[in-house]
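Labels for the chains are A, B, C, D, E and F, by order of writing; each one numbers its residues from 1.
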Amino acid sequence: MPEPIPPDLAAALRVPSTATLTSILARRGLRNTFLTGVRPLVPGTRLVGQAFTLRYIPAREDLDHTGTVDNLTDPQRVAVESIGPGDVLVIDARGDVRAGTLGAILATRMRCRGAAGVVTDGAFRDSPAVAASGLPAYARAAHAAANKTVHHPADLQVPIACAGVAVYPGDILVGDDEGVVVIPRHLAAEVAAEAVEQERLEEFIMEKVRAGASIVGVYPPGEAVLAEYREWLQRRGAQPT
Amino acid sequence: MPEPIPPDLAAALRVPSTATLTSILARRGLRNTFLTGVRPLVPGTRLVGQAFTLRYIPAREDLDHTGTVDNLTDPQRVAVESIGPGDVLVIDARGDVRAGTLGAILATRMRCRGAAGVVTDGAFRDSPAVAASGLPAYARAAHAAANKTVHHPADLQVPIACAGVAVYPGDILVGDDEGVVVIPRHLAAEVAAEAVEQERLEEFIMEKVRAGASIVGVYPPGEAVLAEYREWLQRRGAQPT
Amino acid sequence: MPEPIPPDLAAALRVPSTATLTSILARRGLRNTFLTGVRPLVPGTRLVGQAFTLRYIPAREDLDHTGTVDNLTDPQRVAVESIGPGDVLVIDARGDVRAGTLGAILATRMRCRGAAGVVTDGAFRDSPAVAASGLPAYARAAHAAANKTVHHPADLQVPIACAGVAVYPGDILVGDDEGVVVIPRHLAAEVAAEAVEQERLEEFIMEKVRAGASIVGVYPPGEAVLAEYREWLQRRGAQPT
Amino acid sequence: MPEPIPPDLAAALRVPSTATLTSILARRGLRNTFLTGVRPLVPGTRLVGQAFTLRYIPAREDLDHTGTVDNLTDPQRVAVESIGPGDVLVIDARGDVRAGTLGAILATRMRCRGAAGVVTDGAFRDSPAVAASGLPAYARAAHAAANKTVHHPADLQVPIACAGVAVYPGDILVGDDEGVVVIPRHLAAEVAAEAVEQERLEEFIMEKVRAGASIVGVYPPGEAVLAEYREWLQRRGAQPT
Amino acid sequence: MPEPIPPDLAAALRVPSTATLTSILARRGLRNTFLTGVRPLVPGTRLVGQAFTLRYIPAREDLDHTGTVDNLTDPQRVAVESIGPGDVLVIDARGDVRAGTLGAILATRMRCRGAAGVVTDGAFRDSPAVAASGLPAYARAAHAAANKTVHHPADLQVPIACAGVAVYPGDILVGDDEGVVVIPRHLAAEVAAEAVEQERLEEFIMEKVRAGASIVGVYPPGEAVLAEYREWLQRRGAQPT
Amino acid sequence: MPEPIPPDLAAALRVPSTATLTSILARRGLRNTFLTGVRPLVPGTRLVGQAFTLRYIPAREDLDHTGTVDNLTDPQRVAVESIGPGDVLVIDARGDVRAGTLGAILATRMRCRGAAGVVTDGAFRDSPAVAASGLPAYARAAHAAANKTVHHPADLQVPIACAGVAVYPGDILVGDDEGVVVIPRHLAAEVAAEAVEQERLEEFIMEKVRAGASIVGVYPPGEAVLAEYREWLQRRGAQPT
């Protein structure tokens, strides 16, 4: 099981946008961390949690079209009943949206188990009910077909591909209305700290721009504007880092 | 003209989700019945009706870019003026979204004729007005170009492809917020019956899961849970099937 | 800088739908004027303005991953600080949605400068904040990565491709909930005039169809219906053209 | 059955390249006549014949996965046994290459019946044997699966889409190493005549360019070069048109 | 390590085409066994062997762009040095062709170790040299970039997806000029037997068709033709099955 | 005009494969330098030259479908008549293969002017004749339609995108049977030197592997093997670098 995120780190990661987090990872040379084409089912969704991975391969008729499912051995079902507080189920569905990868009953069960969310590069089925379940959920599409029409759950808690991004078990996922960013576990604390600071600076810059400032010298900020920013921080009682 | 759906069958098909209907068809070996990538224009849309098909091929400039349309011979126009109560116009646009396939005036006319909806694997044009027309409408995209920019209406009431699924005239289409499932006409009654039962069982399972039950022994239900389900049904005064 | 649109022309272009404008251009032989797959960030968006173009090419690591940006030479930044009232920034991102092409601070700055909107065939980053900025904005997707992850701003105010359509600096862009149409500058006045008339005629036709008329003889209108239309116009005090 | 092409017209159409024929059609306003992405199985293939069309829709398991085929009713089989000298079987497979559309035995049978070729926007199966059959064959891909895995033969001799181009029964198909162009039947004679002339002119231009001439005044030819061309024609004993 | 294929089974599998093998699997209900879009590098390639699987996920810059590779831990390298006689390395590259998945030195090494071939749903790099290595090789494309530009070798000998088909370690792969079919290990013997018989029948049918027979009653063969076939078999001294 | 490549640099760049050159650029952090999906028209093609760029945007009917072309102003034609010895015409066609980008007469003219080759991320038309022209030529596809059916030549000698890679005028292009790599001009000399050395080392490694060596300690080479390599070099009279 992935180790849960410390509560203060989770709280810190709820503040910045995925755009800010993605930029900070890019500064560290990690330029492929945002899941392309994966969107929240419900506007206003916010997600923070650790990755619990599930890998699908294509279905084979003799294994997958039998109409039976064994909750004790099927990796999808084992994942659902293994997941704990703060876990995010991340599904590698090879981007194939010709069937769902998970439906509303399993989403509800995960929510009861304390899961933080579910992310797939395929589709959800019964997606209106998944949306209504209250579990933060991100996908590329909706499709009514059951997963085994196209997919075979192959294994869990291995490194996977999701929407073109590598996801390792325990990685931190943060989602907002734009989508989902994957933060390597060992970088999460420093990325969070830097992101909070970056958001503050961008809030200051945005204030200036809204007030009519040119971006020249302001975005990115020059020395004069950075000095002004430090004053602004002090006035607000915040600690510059 | 396709034979209308008996009112009680239509009513029964309004209850289950497309996810349930798609699963029941898969149990009968029909695994490719849900239109991939086709979404409702308006959230909350619900559609039940029989397929009236219209087939487009690519436009040819000397036939289609003349600026004239003959309502008495153009298959699109003939379809609109032929359609009757409960019919769903299903358009095979080869998935090509570089032009609309139908606009708001024709959607309105179909609504006046009692049509149950319109489904295309291409785009609508004037799609905000199509959405406002009140006719249940599903498409892959929106595009302002008139259909003959890209499409040529070739014939109607023939078997077609729509979003990767075979649609035969008279097939039953059922749509919800997830999308549209195509039910072969001769299976509609038994699928509807089974779907109503399946929905009831899933409602029971969902209740248990929401209350904290594990999925083990519950989804799919084991003998004990099925017994509990039968009691639950009796308490609600419903007839188990 | 593109010449601003005369106020009465801008006002006239706010009336018709992009579907109507696209049809009128098609009648003049211009059949590829609507941006395929580009949608408004906010429902109800309406856009009218002249094109200020910006061209991206793929990033090269030694030029674009340096972490610095020079507001005085970077074409994206120069564009933002050059744009004036009524201008629409139109970005050629080669349809590549693996990074954003512009974010909320620059959108806000453009709004302060009087820009009429921003259109990209790529993605916005920080798209929820771009949506909230009040600037009419159209894109194919959302992506949190900064533009230089994938894109290099190459030049501005040159003819570009956007979503498969040619856009020349100064062309008129009109957007509604369906998307964006590009009107060659020299045709804008006559297209606007014809569109206003066409909208009026279609309003009349729609009224008849809503009241139960067949489309035969009505859409397109025959002589009798055109006569009726002229009377209808007179009753409303409008001038037929 | 489509009427055969007169032998002298067929002979004339064997001379020009598909590039020349496509250009001549474009001059008449027909700009979408060449099958995108459809290539010959064998280098050096040359094809001239009239279209005999076959339309596929997606398979449905209860109709298509039965393992039986009735040569007397299955449109694919009826087509093969209907085809006559000079006919080209043109298959609308919706561009779906996840199964073959026809294999080597049927290709061989068509060759025995005098068919001029076979063209599909899907795949052939047993494509090495199709290539070896001697029948001119064009496709987008090769795939070993039998057609009914994915396709259902729906009807024949109706207008179809093939690789994005409209094909009407009886249209003339001409193929070379580049691919296949579709010539509307009623234009074939005049297109052939113009193409022969155009090829002669381009041969002359190519000779000049090979000899070191600039393209200025030569391609397209100015008055001086056209005069030179007429002399060149006379020297070769050819009749200028 | 997968168990090698018995020599007589391997020999039997060299006879039939992938088209025949794919059809026989489809009769058993396995309809998705042929790798779509994967072609031999060298015409005339023939492949028979057992699957040794290798799974790639997307690269992450801190793990994969270091310029070092450890032959003792990198799954790609471990695979190459583990592979034995008759093994086919099958690579799951998520269909991503923006980098190679293996080059000429590793292909040569595998050939020296007795490998039967290599199959990828991505690209080879140094593909002209891979082609020249003599190892049967199939891919979707060629790309000069080293694998870690885009890919990270994640694990080996697990079930994978390759070109849309499930491949389990030990499955039998058979390739010809058309491409590659995956035969579940436990079905290989009976599929081979049936395929040999099917090829014989089709050879007989092809002979008849080449001689001018109609397909009616012949393909599929009716009772009379089957009797004729049995005689033909006896004349050739073959045992009917 | 781009400055020609010094003859000894051009000679050095003819030795290594594009795979080697792409790897050396990746070591310098440039990981996106190989044109994905662009293949030589003729097996055995080899290309070295400096980039002369040409940019296409989508055609607009009033500008591009007129049937006339002005050799003195049309950027495509100006490019052809400007190109000099060692230049490679590189065309940005937005990857759109629905028309050709250049045909055989212009290819022949460029060859007469001393051009080193032509590369497009679209298609050639009259591609069999382009192949026969002797000019090294690379493309994604073949299409018979003339360029202005889909494309408008917009400008030349500006930075462009080609097959997902940035190409600046004067960059060095090297092509082999695998495809084409783009080398930034200022890196060409050092990349060439390193590539020659790398090829020598890989030739040595390949020799060892062909002779039965494991890759462990050999590829990448350990200290012992590097020492062996230095001896091998001396025996061959080559200078180690």
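As a convention for this text, contacts are C-beta pairs under 8 Å (C-beta built on N, C-alpha and C of every residue); 3 or more make two chains touch, one makes a residue touch a chain.
Every value quoted in this text rests on a predicted model; they were computed, and no experiment measured them.
Q: How many links in the shortest chain of touching chains run from subunit D to subunit F?
A: Tracing touching chains, the least step count from subunit D to subunit F comes to 1.
Q: Can you tell me which chain lies farthest from subunit E, using the average of the Cα atoms as each chain's centre?
A: Ranked by distance of C-alpha centres from subunit E, the top chain is C.
Q: Is the contact between copies subunit A and subunit E built from the same residues on both sides or from different ones, judged by whether over half of the numbers are shared?
A: Both copies touch with mostly the same residues.
Q: Between subunit A and subunit D, what is the separation of their C-alpha centroids in Å?
A: Distance between chain centres, rounded to whole Å: 50 Å.
Q: Let me have the rounded angstrom distance from the C-alpha centre of subunit C over to the C-alpha centre of subunit F, please.
A: Here subunit C and subunit F have centroids separated by 37 Å.
Q: Enumerate the residues of subunit C that touch no fewer than two other chains.
A: 31, 65, 164
Q: Building nodes from the protein chains and edges from chain pairs that touch, which of line, ring, star, complete or other describes the result?
A: Contact map by chain: other.
Q: Could you please write down every pair of chains that are in touch?
A: Pairs flagged as touching, ordered by label: A-B, A-C, A-E, B-C, B-D, C-F, D-E, D-F, E-F.
Q: Looking at the complex, which residues from subunit B come into contact with subunit A?
A: These residues of subunit B touch subunit A: 17-19, 21-23, 26-27, 31, 33-34, 36-37, 39, 164, 176-179, 181, 202, 205-206, 209-210, 212, 214-217, 219-220.
Q: Spell out the part of subunit C that touches subunit F in their complex, as residue ranges.
A: Touching subunit F from subunit C are residues 28-32, 57-62, 65, 94, 152, 154-155, 158-161, 164-166, 184.
Q: Report the residues of subunit A in contact with subunit B in the complex, numbered from low to high.
A: Interface residues on subunit A, with respect to subunit B: 65, 67-69, 71-72, 77, 80-81, 97-98, 100, 103-106, 108-109, 112, 125-129, 141-146, 149.
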